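Have a look at these structures, which come just after this line.
Here chain A shows up in two complexes: once beside chain B, once beside chain C.
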Partner chain A sequence: MNTSLIKHLCTLLLRTNGELSTISKRCYQSHRIRNQTLDKHRTSPLNKQKTEDAKNDSKPVTNKDPEVPTRFLQKNPEFLPNPDWGYRDQIAEMVERNDMYRRRRNIFMPEFYVGSILAVTLADKFALGKTSRFLGLCIYRGDQGLHHKIILRNVIDNEGVEMMYELYSPLIQKIEVIKLERRLDDELFYLRDCPLEYSYFPQDMESQNIFKDMPVTTNTIKVKLNPRPWSQRWERVDLQGVEPFTGWKSEKQRLKLKRLANQPQVKKEWEKMDLMKHYRESIPPEESMRIYGEVVKDAKDWKNREERET
Partner chain B sequence: MLKFSVKRRPRKLKGVWTGCGSGPSERIKYLRHWVGKLIRDERIEGREDRMNETRGYAEQLISLAIQNGENHRPTMEMATKWFKEKEMTYKLFKVLVPRYENYQTSFTRIQRLPIEYPGNPYYNVVLELKGNPYPSIFPEQRDKAGLLNNILIEAAKKDFYNEHRQSQVVRDSMERDIVGLERDTLQVRMDKSGSGKVENVKTGSTDGTDVDKL
Partner chain C sequence: MAVRGLFRSSLQILTQRSLPFNDLHIKLAEQVSYTQVRGTRSYKRPLRHQPRPWHIKKKASSMELYVTPENKAFLREAAVAHYNNTPSPLRNEPWPRNEYTSETIRTGVIGVKIGVIPQWKKDGTKILCQLIQVVDNHVIRYNPPEKFETALGFNPHWKHKGIGSVVVGALSCTPFNYTRKYTGLFSEAGVPPKRILTKFWITPDAAVQPGTPLSVMHFRAGDYVDVSAKTVARGFQGVMKKWGYKGGPASHGSTKFHRKAGSVQVGKKEGFWKGKKMPGMMGENWRKTKAIKIWRVNTKLNLLYLGTGVPGPHHGYVRIYDSRCHKHRVGKLERGGNVPMPTFYADDIVGEIPEEIYDDQLYNFADPSVEFSAEQSK
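Presenting the complex of A and B:
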């Protein structure tokens, strides 16, 4: 590609970025106008409101869920807002979603999960050919909105390397899925404490034949942990994709750690029952369905397939 | 979705039962007790902060039961964990779910109770499920139009009004007879000198009556 052409494209993207909503994580501002008060003023006083009980006597509410294509919610988890009410702003979310739709029309974002092998090509002005490609195992997928990010892990020169990519960054040229599969866990950070064989994938790995709506298999591999110390207390976390650890220093150590892990303040048995905690940490289904109804409508204009380079 | 305002952070409920421990585990035990009581009695009283917390949990339970139904295993397990008595899970799925299925508002109502001086440093509150069989907290205003006093007063009002209107009609008709004209045909025309004269709009003739002298 021409350097001048790349420059031109980058400047174009940067200009459009000026319109992009640069929404960073805001702190909770108590002096801000709340959405509840805004909504009160938006509704017209001309609409006579029925009394509370009369509302319930009217016809039953039929919640028609919008028709959502297969696995759409799992393929695109980034459209739901942050469940913390201090960060919620309906107008900002709407604007952010519009920017996400615009990005989606220009780049094809394939379906993948934590445990799939991806290759991401970035625009890099200091690299040969002005692009840099990194292939790795996806160990994390998170954050909402334009901050949606993934972490890819691989081994380069006998050194474990993790690269974090924000999927809606305009620097990303291409996202390829080399192997589409799932793992037994949602986050694979324990690979940092495993032998490097479990994280190594050759950079020139050939991609699997991936077609639309193909069934996604679960890789039931059980990984072995290195001897302690670890980066996190894996003995306290219920990991499915890890073999039970046997490299304890002594039986005394094992029993002590087990006792500490079974303390009530560590186990937190009450959190399983805590309905309000679950409510505060999730988006209610009515709202998520409403949001996805809008997203699905716009998804018809998105780039569905990679354009083959002629 | 809960259809009433909920705080951003949960309340700690300090000193739930004096002498019985504190912390998140005790808090959940306390709330379990009161949620069960609410489902059983359908109307309970207590401290405002405690009742506000129980309200959230009770409504979440009911809304989950409505969404998923009793055949959904996780909701059934959740309900059995929350209620000490087995009958309450039965009541939740068989009685409360059909009652609240088509509700567009919240399922509970909360109301502050009056303070009896000197009283406590916190508000006492009534928390009730809507559609309960008890008489409502706010007494319904009876229709008093049927009382004899009110009937007589209404009749007297009507009579007075009719009389007043009749007299006005008579006055109008008398005016017409005297003047021999309809209303709105007379007009006051101001002279250059400043005095006004009553003028007939249609014919243009004046009566000679001076407005100043009227």
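Presenting the complex of A and C:
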């Protein structure tokens, strides 16, 4: 049988260009267009209003693209789009990135990670002097694009306080890094169930002397958890920065919770081997390197670090 | 009011193959009678998925199995060359252009929903914007009021009087997967066949010549638009999700009665009322949101940044047109400036078109960050 005929039959069955089609969860929508067909219309020769930017965006990856240092990827994780294939679009992602470049030219965004101590000054109508400054430990950093946000935690008047900041909001005046370091975990939400002494930092804390390409240390501190009840079931999570818990009510309770945590439907060990799940929840490396190739080119025009007043 | 003899006569005419499309359109209209008949409440609507009698068959059988890939590529090139060299009707004398008044109704455009993006105002509040791209729109046909009033599908009991219609198409394709009748619709406008078509009502002073391209510059940043689209399809749903019924109790001896509707009728003789809310297919209905603001316009990529509330799924088609609210029709004139009538033409602006146009209240990311002074608050 002719190979080209087989290929044609495959395309008819899958209704794509030989690639696996994305499976939609919802039922059939008559009044919509697929992402692949819309991309074809944007660059088709019949379209006289076509945009050349869309053409460049779908260019295949070559070896001549600039090499992106791995530290640059870790510093700026927000430039990758949302990996949900049901909501992706080339033009929408490109437009969002362009807005981020414009903002980066006006404000200096320093390098920081979850576990480092930050101070953010915000324009505030109701504050004295029309600005408010908050210093705290960064316990979360997430969301893609212009949605990118951080959460700072500190203790004020013996009360745990958390502030969420959207980094691309125009209200933000200044972001300072007081101490540049990492913790053993990616998210530090367990500090809500720890004694307050672990999340207290004075508001007039002196900042570290930070220079460019400074080596980042990891803080290997291990915190203690308060006795139960907690905000989450921490015995089921593999936490590195927490001491083994000892304050059980009884031996019977410890054994019961340990047995529940080791159940297969709780541990879900098969998810580590699920290649399709990993593929759906992440962006393939070829595409991410193409995106960061653009970002590195634009990063030359970004605003640099202001020199400290001595 | 009831329409008699519509479907039977139309089917008879459709079976006669020799009739061309334009004559068929008129002859069907003669068969319809809008005389009022006693004893009938309203005219009987056709079933949901039944095509209207004046619709043409769109899709032809696919040629993929019968043509080799080399020949297919050759045919594509030939089609592109054919449509790029077809004479446009715009070469003739342009139609007269009138000024915008508060009573004119202009055409709309067809857009595609692309995504949601956050934006900030100048006072620091965050808003979410719906990105909509307007891809490859053209005017296909203009029907003046005299012609439109005699057409099928026109209802003499509509509120607007003396109104015409315009057909707009988007996303041009090669003609190989479409029927000959469908491709013949576009010969007047001199454009390749379009993937979708819609119809807008317009007043005769905003008449547009067939073949004119429609772009995002048809609208201005700061104006208000209405958007209509088909909502997200949910499939077959129960009565609690579809109509918001309360359901049954969770406990206290209820068996198999947690998400059900209660009693449906009283008495055997009368039966239950027509139009009773029951489980069934949910979503995919035409819905309209009024008065959505245009915050920002990208002229290079043909993008609209609308406010929230646009119906429909991701990558769904939407119809966008000027808001019919009296407040915004008058407000357009009060804002000043020229409203592009009937649409924007490339000769209207001297020099280059600005790439991005912002609303007065919207923050531009190229500006320095927002600051509040002590005098401002007072």
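Following the convention adopted for this analysis, the second predicted complex is superposed on the first by the 246 of 310 C-alpha atoms of A that agree within 3 Å, B and C clash if a C-alpha of one lies under 4 Å from a C-alpha of the other, contacts with A are read in each partner's own complex, and residues count from 1 in each chain.
Simple rule for what comes next: contacts are C-beta pairs under 8 Å (C-beta built on N, C-alpha and C of every residue); 3 or more make two chains touch, one makes a residue touch a chain.
Please read all numbers here as calculations on a predicted model, not as lab measurements.
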In the overlay, answer first, second, both or neither for which of chain B and chain C A:86 touches. both
First (chain B), second (chain C), both or neither: which does A:33 touch? second
Touching A:172, do we find chain B (first), chain C (second), both, or neither? second
Between chain B and chain C, more residues of chain A are touched by C
Is A:227 contacted by the first partner chain B, the second partner chain C, both or neither? neither
Touching partner for A:247 - first (chain B), second (chain C), both, neither: neither
Between chain B (first) and chain C (second), which, if any, makes contact with A:195: first, second, both or neither? neither
Just checking: does A:77 make contact with chain B only, chain C only, both, or neither of them? Give me first, second, both or neither. neither
Output check: A:102 vs chain B and chain C. Expected answer is one of first, second, both, neither. What do you get? second
Please write out, lowest number first, the residues of chain A touched by both chain B and chain C across the two complexes. 28, 86
For the complex, give me every residue of chain A touching chain B. 28, 36, 52, 55-56, 58, 60-61, 84-86, 264, 268-270, 272-280, 284-287
Within their complex, chain C touches chain A through residues 62, 64-65, 68-69, 80, 83-84, 112, 114-115, 117-118, 120, 124, 126, 131, 133, 135-136, 171-174, 192, 195, 213, 215, 229-230, 232-235, 284, 298, 300-303, 312-317, 363-374, 377
Which bits of chain A are touching chain C when the two form their complex? 4, 8, 11-12, 26-35, 38, 41-42, 44-49, 51, 53-54, 86-87, 89, 91-93, 95-96, 99-100, 102-103, 105-107, 123-125, 130, 145-147, 166, 168-173
The residues of chain B that touch chain A in their complex are 1-2, 5-6, 8, 10, 24-25, 27-28, 32, 53, 56-57, 60-61, 64, 67, 78, 81-82, 101-105, 130
